[in-house]
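In what follows, subunit A forms one complex with subunit B and a second complex with subunit C.
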Partner chain A sequence: MSALILQSLYSGLLTGGYYALIALGLALVFSTVKIINLAHGEMVLLAAYMAYVMENSFATNPVVAMPLALVIASLIAVIIYFLISRIKKHRELNSLILTYGIGIILTNAILITWSADIHSTSNEAMQKPITIGPFSSMTSELIFLGVSMLMVAALWWWLTRSWYGRAVRAVSSNRDAAKLMGINPQNTELVAFIVAGILASFAGVALYCTGVIQPSLGTALTTKAFIITVLAGIGSIPGVLIGSVLIGVAESLTVTLYSSAIQELTGMVLFLLVLFVLPNGLFGQTRRRG
Partner chain B sequence: MKLRHSIPIILVVLYGVVPLLLQHNNYIMSILVASLTIAGIALAWSLLGNLGGMVSFGHAAFFGVGSYTSAILTMKMGVPVFPAILFGGIGAAIASIAVLPALRLAGPYFALAILAYANIFRILATEFTSLTGGAGGLLGIPLFPELFGFNFGSKLGSYLIITSIVLIFAVIYRMIRTSYHGFALLAMIEGEDSTRVVGVNSTFLKAMMLFLSAFMTGIIGAFNAHYINFLEPDYAFSGVWTMIPIVAAIFGGYRTLTGPIIGAIVVYTVDQLIFKALIPSGHQIILGALLTLMILFAPDGLIPLFSKKLSWARRVKENRSPQTGHIC
Partner chain C sequence: MKLFRNSLCLTTSLLLTFSSVHAKEFLVGVELPLSGSYARAGKGNLEGITIAAEMFNKHNPKHKIKLVTIDDESSPAKAQAAVEKLAGQGVVAVTGGYSTTVTGAGATAANKAGLVYMTHGAPGKDILERGFKTFFRINNTEGYTTAISGLLGDMGVKSVSIVTSSLQATAEVANDVKKDMAAKGVKVTVHTFDPGTADFKSIINKIKLQDRSEAIFMSALENDYVGIIRAAKVLKPNIKALVGLWSLATPKMATDFPDLMINVFGTAMLPYPAEFKTQEGKEFVETCKRLYNKPPDYLAQLGYVQAQVLFEAIRLADEKGTLTKGGLPAELRKTNRDTLIGHVSFDKNGDNPNFQQWIGQHQAGGKIPLVWPKDRSNVNMKYPALPW
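Right, the complex of A and B next:
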């Protein structure tokens, strides 16, 4: 039994790795541009379908789809930002409804293009079991845990050390003052969206390599990303990784100890608990709200 | 004022002309009933959005809870259909108590928290197999009974029931909006802190709007359960029950009373008759595009846009105050 629990902790950790990839983009946009992109899950899903297309039509490793996924996801991100910036009033709520609408468009575009079938990778190198000590997993899961940690580190470095990352933070903390310092807020926010698109493309390829995809998955991905963002606390990038692992472990323990049907329920109950007890999240800055 | 004059005409059309002309066309009648079902949810949604100042992406939760409550009460406890529908509404309102803590949170948090709730209820309905029949669903939910020699189970009967429900909702909505509390609620959207200062219990009023909105949605859900006689979790808690009402309310104008109703009838009918024929699977892409375009170009909806144009035209015609003409 204890071996079983250890194994489920391990797979929870791996799941958390790819959850973090999904959540990072949403967390970045939410904490800097103050917009919840409800179409984020669909962006991830679209990138995953790029990997599917590459594997299915050109018989390549799905990872080869990365450049294509990068271009598509970033393009969608740019379009979303362009549309959001045209909202005239009640930006916060109207951007929610707007991105909700874009999510519907993308979901149905995927449905029309690739039908409602379920797809997953058939690449052997990705699915090969790999055993480290007493633990076993798929190769792809381990790869994308690495990618995920790399992304968290890169994003953290970008936000704290690079000029553009600091500009993004400056605009998010005080738009007018940032303008006076010679920062163009529109450009900076656009950059934040593009980075979110890049993160979404990695998440999409990871999603296709480790799991199954279907057109209706988008909303579930957005919800999951939002849950993790809230759990982590707004503005905490390392918190996203920890929050994702927490959700991943909680879910995989639920599957091991109870049943796989209520797997989703665990994450949501955890989310609501955090929302009501610690509205600032586990690692967020303390900020008065409401 | 204008609305008051047209009320008798609307009543005659809804209860006289439409049933007389269309009662033998089953297809049109079923589209009408379905669009009025959407109109009911859209009205409840915009009640919460307009008066409560909260955008919800989880109204499917209340719809599903209402339909399951009513279905289970009639099937397992032998409660008559009409009281059961009322209990469906009450059930949904009770379910909304679980969302109450989310009221403390600002706009986007509430919207997303309620989305998570909708998922939770769907999973619960799938898992509580003994009560809800699980993923297999409930079959043979009782139809509307025969009352005063009239069969409410027919298409026409269902049409009359849903029309009355939506009309009653509209009256309730209007009564609240014109009341003292409605005034306080509208002021609250402008500035919650300043209304609190003058003694408005904002959390209580918002909670009441949430209850009422959930209650209305639950009633509609219960009606739908008895109308189609079948329930399964993926149907009852489907995102469609959230999506189409949002599109309808935004399309018609969720800050008006008639906007969500007219929006629902137009959007649903056009979607079923035209879009579905054009793109059999994935026709909701047009609804998504519609929602996006409305938010970008007419966030207040079409009804206010038209009435603004009309009043502007009238003013120009009367030539009373040309200066104010182009301010609008």
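Right, the complex of A and C next:
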């Protein structure tokens, strides 16, 4: 039984790391620009298809696709921000409709370009089983758990230590006051979107290396990312990692100790429970600063 | 001589024009998931239906089938709306549908409109209990269950773990296989998972450490198979065989995931490379290559058969003058013929009781020979054999 539990915890940790990678970009934009980007999942998916294109066309390791994925995902992020910045009234609400529409357009563009077939890496190095004591996984899962932790740390550092990160937080806290301090809110928000695009590109390559991609996956990715963002609490980047791992471990333990049939339900129940007890999420700020 | 040649050309042109002008055109509605989670199945099915229309029109100068296609986006509500729209456009019948839930919605709308609904995408049992008078299908879960239970029985396994998606048809096959195997005294454990599940390691680890089964039967879809087999490759449970349901023993899976598929079993109707011996089969392959620049897969094959049976019934009903008087369901019930998937006839519920699947096994060189039943196979199954 202990072997089962240990492997289950490990699987939950790996899944959590992967969830965090997907959620980080959405969490950043949601907490700083106050926009729920419903096309975030499609951005991740597009980056995953870049990894597929590179592997399929040039027989390379899908990780090599990272620069291409970065460019494409960031470009899409810039376009999304450009369109959002055109909204004059009720930005929060109208941006929901806009990004939902962009998500549909991206899904269909992927469908037309790469057909409805499923794809995943066939790279041996990525799929190679790796066993450390009682823990087994694919090499790619372990790599991207590390990448996920690194991304959380980097994003946290960027938001708290860099000038642009502080500017993003300042605009998020009080747009007018930030303007008076010489910060250009438009440029700052654009930077936040570009960083979200960069995070989406890492998530996309991870998705292709560890799972299976198909054009209809985007909505499910956005939903998962949104649940984690709200669970973590608006504005908490380390909370995203903790919330993701919590959901991953809860799902995994449910399979091991009870039934795989209610795996997804467990994540949702946990999410609702946390919100019931902590309406601001696990690490959400109760009072606005500034 | 020149005058004779010109006259001949003119006569031929006139004859061709005359025959095409007088070819009676019939609109047939196609409602399929061309986007959304079942898009792959929908596109494969559409290829088969298009091939059937192409071949029908070629061989029937007096009748012409024109397809009107609507994407149901893998959604029951959209499927219903699509069939209602097709009915409004004056189609004589509707074909398509994928997944019992989505197809059920489309078939309900067709039944209300009094239109025939022909499919291969709703193999589940409950759709037959809804009392549809115009619903027809060429396959059912029983055909798949018989093949899986037969294979596992012939392997002589003492225990089997079933990993099944909670989707209606996959869960139904899993449940029927469970009953069959339990009746034979085999220990069966079922692990149901949600269609959104991506990580199967916890399930496979339970099979490895708790179930300790001799075989795993995966009742799932393509993306699930990849996740399950990958998890099994990582954890290496002490099993003797990996068996799957539809969409697994296909050339596409062999090409895209060669390292995962080798030695895996799955239901199939034909070996790969396909060996069609009939004239119709050869023409089907040629038409597919001409239209799509590739050999047909099982989805195209099922789509072709469902459409071809429907088109033939439309032709016969028209010739008897019953098509416009609601005679198409009656004509379809008279169907009793061999097709590319075996014998097809329909019972009072519109089900094809003859439907039978065989078992193929992914083997070296991307080949998928039929390995069960013995009288259908010319290659021995590799057992015990695994992808690792």
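As a working rule, the second predicted complex is superposed on the first by the 282 of 290 C-alpha atoms of A that agree within 3 Å, B and C clash if a C-alpha of one lies under 4 Å from a C-alpha of the other, contacts with A are read in each partner's own complex, and residues count from 1 in each chain.
Note that contacts are C-beta pairs under 8 Å (C-beta built on N, C-alpha and C of every residue); 3 or more make two chains touch, one makes a residue touch a chain.
Note that the structure is predicted; figures quoted are calculated from it, not measured.
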Clash-or-fit label for the pair subunit B, subunit C on subunit A: clash
First (subunit B), second (subunit C), both or neither touched by A:Ala109: first
Partner chain(s) touched by A:Ile97 [first = subunit B, second = subunit C, both, neither]: first
Partner chain(s) touched by A:Leu150 [first = subunit B, second = subunit C, both, neither]: neither
Which superposed partner A:Ile118 touches (first subunit B, second subunit C, both, neither): second
First (subunit B), second (subunit C), both or neither touched by A:Ala261: both
Which superposed partner A:Leu273 touches (first subunit B, second subunit C, both, neither): neither
Which of subunit B and subunit C A:Gln127 touches, first, second, both or neither: second
Of the stretches 6-14, 42-50, 60-68 or 78-86 belonging to subunit C, the one that collides with subunit B: 78-86
Contact residues of subunit A, present in both the subunit B and the subunit C interface: 107-108, 111, 115-116, 261, 264-265
In the complex, subunit A residues that touch subunit C: 3-4, 7-8, 11, 14-15, 107-108, 111, 115-120, 122, 124, 127, 129, 136-138, 211-212, 214-216, 220, 252, 255-256, 259-261, 263-265
Residues of subunit B touching subunit A in the complex: 55, 57, 101-102, 104-109, 111-113, 115-117, 119-120, 123-124, 126-127, 239, 243, 246-247, 250, 279, 281-285, 287-292, 295-296, 299
Subunit B partner contacts - residues on subunit A that touch it in the complex: 36, 38, 83, 86-90, 92-94, 96-98, 100-109, 111-112, 115-116, 219, 223, 226-227, 230, 261-262, 264-265, 268-269, 271-272, 275-276, 279, 289-290
Of subunit C, residues touching subunit A in the complex: 35-37, 39-40, 42-43, 74, 166, 191-194, 196-199, 201-203, 205-206, 209-210, 222-223, 226-227, 230, 233-236, 252, 256-259
